[in-house]
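Chain naming follows the written order as A, B, C and D, and within any one chain the residues start at number 1.
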Amino acid sequence: MSSFGDTRINELSKVSLKEPVLIQGLPGLGYVGKVAVDFFIEKLRPRKFAELYSSYLLFPDGNLGINISEDGTYSLPRYEFYAYGEQDPHVIFLTGDAQPSVTGQYEVASMVLDFVQGLGAKGVFTMGGYGTRSSGDVGSVYAVVGESLLGDKLRKLGAKMAHGGAITGAAGVILGIGRQRGMRCAGLLGATAGVYPDLEAARAVIQMLTGLVGIPLELKDLDKEVEDMRKKMEKLRPSEPGEAKEGEEKLSDEDKGRYIT
Amino acid sequence: MSSFGDTRINELSKVSLKEPVLIQGLPGLGYVGKVAVDFFIEKLRPRKFAELYSSYLLFPDGNLGINISEDGTYSLPRYEFYAYGEQDPHVIFLTGDAQPSVTGQYEVASMVLDFVQGLGAKGVFTMGGYGTRSSGDVGSVYAVVGESLLGDKLRKLGAKMAHGGAITGAAGVILGIGRQRGMRCAGLLGATAGVYPDLEAARAVIQMLTGLVGIPLELKDLDKEVEDMRKKMEKLRPSEPGEAKEGEEKLSDEDKGRYIT
Amino acid sequence: MSSFGDTRINELSKVSLKEPVLIQGLPGLGYVGKVAVDFFIEKLRPRKFAELYSSYLLFPDGNLGINISEDGTYSLPRYEFYAYGEQDPHVIFLTGDAQPSVTGQYEVASMVLDFVQGLGAKGVFTMGGYGTRSSGDVGSVYAVVGESLLGDKLRKLGAKMAHGGAITGAAGVILGIGRQRGMRCAGLLGATAGVYPDLEAARAVIQMLTGLVGIPLELKDLDKEVEDMRKKMEKLRPSEPGEAKEGEEKLSDEDKGRYIT
Amino acid sequence: MSSFGDTRINELSKVSLKEPVLIQGLPGLGYVGKVAVDFFIEKLRPRKFAELYSSYLLFPDGNLGINISEDGTYSLPRYEFYAYGEQDPHVIFLTGDAQPSVTGQYEVASMVLDFVQGLGAKGVFTMGGYGTRSSGDVGSVYAVVGESLLGDKLRKLGAKMAHGGAITGAAGVILGIGRQRGMRCAGLLGATAGVYPDLEAARAVIQMLTGLVGIPLELKDLDKEVEDMRKKMEKLRPSEPGEAKEGEEKLSDEDKGRYIT
């Protein structure tokens, strides 16, 4: 266990990976990044080997607390690290049920990079959403890169380079710090008109990342999977910040335990 | 005295307890947890043995200051620890007149657990409110548990397991950290439609906890006590955050000194 | 110079005092405390011997910056300590042009107490305003005390004991910490309907404190002084938080340099 | 590299300067300071030799993230230090694409001063905007000074001394701390009615600073340059804080990469 302030990483098991790349997807615009990384985890079945807990991982309404599972057990908001080492390239997938607060973004991203660099990681790829007002743009993937070589490769795969603007939140900060540390970095942002979750945007990002990283994922299943997810996810409605301080109303049976996680 | 940052615990006397359980009730939704723990303290007359002070214990309006008593003396917001060791199981009751701010939740909960673990505690039970829009649900107790065994016991006692959702604030955070430390943990949330204070919800939680922990409390007095509390509490109106920076208007004689505490 | 984090005290000269009492007045409700302490400083002409600077001393609009004087020079918001040792009892007057932010209240109050205790102080008296909706109550002084003996003395002097409620901000926090340290503490709050500055409330508090502490102040001049101050102060209009980020519009000649200070 | 908390300065190359003055211009009211310092950098072509990164350098909407350049690369918000040592006086220009948050102002300003004092700096001049409601006042420069000598010089150059009021934000805080350290300090604030960017205000400040510091800048080019900038800048529209969490809509081609930077 490594710790700094109120942020710490619990290793559940030791993993041995060969220069893995970190692929991060966290809750954010259109849940694009989180949906995408969870798809990879569902398909590739990597092994969960570590969790990060932090007093900076807040609920969307800015409060701190515990998430309740379907069986009445619970846990604090956390990041989960999954190791995939069966084929090249090795990958560490990072998913989670919360973003750090503004004051914790640097600390949390720095600890994640310390941790994965300790495991040999030399590349960081984040997935997220890119706000657009034109629904015709959904399906496009905008890319930012830490080095021009990656940009060339992404353009060939059909990505559009982002020209200006900003990426706020965890998907941006870790790229900023990663680049300063000399890591290979790219952010893939699926254009989204703000649907929650935006599966079409997530699908575009998944396809782009598969091409970029060379993950041997069965792509022919992708459309069906996304279609299934779409149906499954249509039932998910993220809860709004309300006035309840200690508890929230029980969700319907079908929604149970699906809040964010 | 142990201290960390601006949070510290003052021990008023040494106590010797045998594997006590911590029972916490703090101001929150419907004041359910606070009313419930104060009832236990009133009935069992445990001995106050420690106080926790913290720069994170703020008033409901987000300001910091002192609470004034009926006799014109005052104190900073604080937690109070009471020891009950006359019969098995031994209990540490934790009451208080404020919740920590979001940034202090981890620190304060961690210090409380450090302290009670140092006294041998292996279990943590929190009481609180559970927002519901249906007044017909008031009287129900929703439970979250750190282990399935506790869930079985609670179901037999009539509790409903919470299926999803979240518990924000002190009632949730200490359960999250307690579970990580391998303690026996459960949260009992009385369904409340938001009445302040919600005595019916508190009464349901008191009864459930009495059954769960096996506290030899005279239950036949409970209804009368709650009825008396109801009358007494009807006079309590929690003050609203106003524009006054240094002082607040004097409360009526009957309300005096009853603000939150 | 002692320092902790971004708060530090600069001693301008060494003072030798005999068990001084600390008398604090800071900007707050009706500017009662600040007006009152500045009156003492104007009349008794104690010597300024220290300044406290802190990143927690913010402007009323929550921003940090510098205050500009009439001659175009400037300074960061600060506390100023004045020593009065010509007659018994010796006094340290504490005035300032800002209150600490909520997160800094504990740190700043603790540093002030460390500092004055190092100079032998055993008593702390704060002055402030007490919000009332009845203008007929203006002129009353409400008191809170750390010990009942002080309460008896204050009642004889005509003060009303506060029965419940709260004192938020610097006037309250330093009393809370001072009492924990075993110092003699009292807070004198002049009832104010919110006039800025409320000279009538300040005058009542000045008179009460003069009686309590036994400061040999020429009371017969008081009414005239207050009347003069009233005229002078009528020109003072505290600036509202606006949109200007770096500068504020020039005040009129008569107002120049009178903002808060 | 020196570091403190989450703020650190990366030196790109060693510079040798003779008692340089620090000239700072950061985003703020009317972008006056930033436009002015960037004009000096464009004309004098000083060498960039250091960057400051900090978790306190937030976007105008209060979020943290990365700024994207025209070529799809990106960086965290930062300060940039440029060294000008070709003629006397030597100068360190400080520009940036963000202001620190309130809680970081002291830390960031202190680190900047530590750094430039280590390079021999004895003077600090900041440029910024000064809110006015009268557009007839635009073109005026208001000055604050740490010592009266500088005030005399500035008055001769046509500056008006600020009489009261306040300077909030980075342009003020560094002057406050610099003065405490005994440095020669002045702030030059161009009156602005709030146009973004206000080139007329920036031009007045540039001219004043050129006279004050004695920088051998080709002044006859100034009007044309400002006119060109005006045309170029007319296309710049600072983005509003929106709902997009991870990405912002692509700016038009002409605007690309011009957001703040």
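Details
In the analysis below, a residue touches a chain if its C-beta (ideal position, glycine included) is under 8 Å from a C-beta of that chain, and two chains touch if they have at least 3 such contacts.
These numbers come from a predicted model, not from an experiment.
In this entry, chain B maps onto chain D through a rotation of 180 degrees when their C-alpha atoms are superposed, rounded to the nearest 5. Where chain A touches chain D, under half of the residue numbers in use are shared by the two copies, so each contributes mostly different positions. Inter-chain spacing, taken between the CA centroids of chain A and chain C, is 51 Å. Rounded to a whole number, the gap between the C-alpha centres of chain C and chain D is 36 angstrom. Residue positions of chain A touching 2 or more other chains: 103. Chain contacts here close into one cycle, and each chain has exactly two touching partners.
The chain pairs satisfying the stated touch condition come to A-B, A-D, B-C, C-D.
Within the complex formed with chain B, the chain C residues making contact are 28-29, 32-33, 102-103, 105-107, 110, 128-133, 142-148, 151, 161-169, 171-173, 175-177, 179-180, 187, 189, 194. Residue ranges on chain A touching chain B, taken from their complex, read 6, 10, 53, 55, 58-59, 61-76, 103, 239, 242-251, 253, 255-259.
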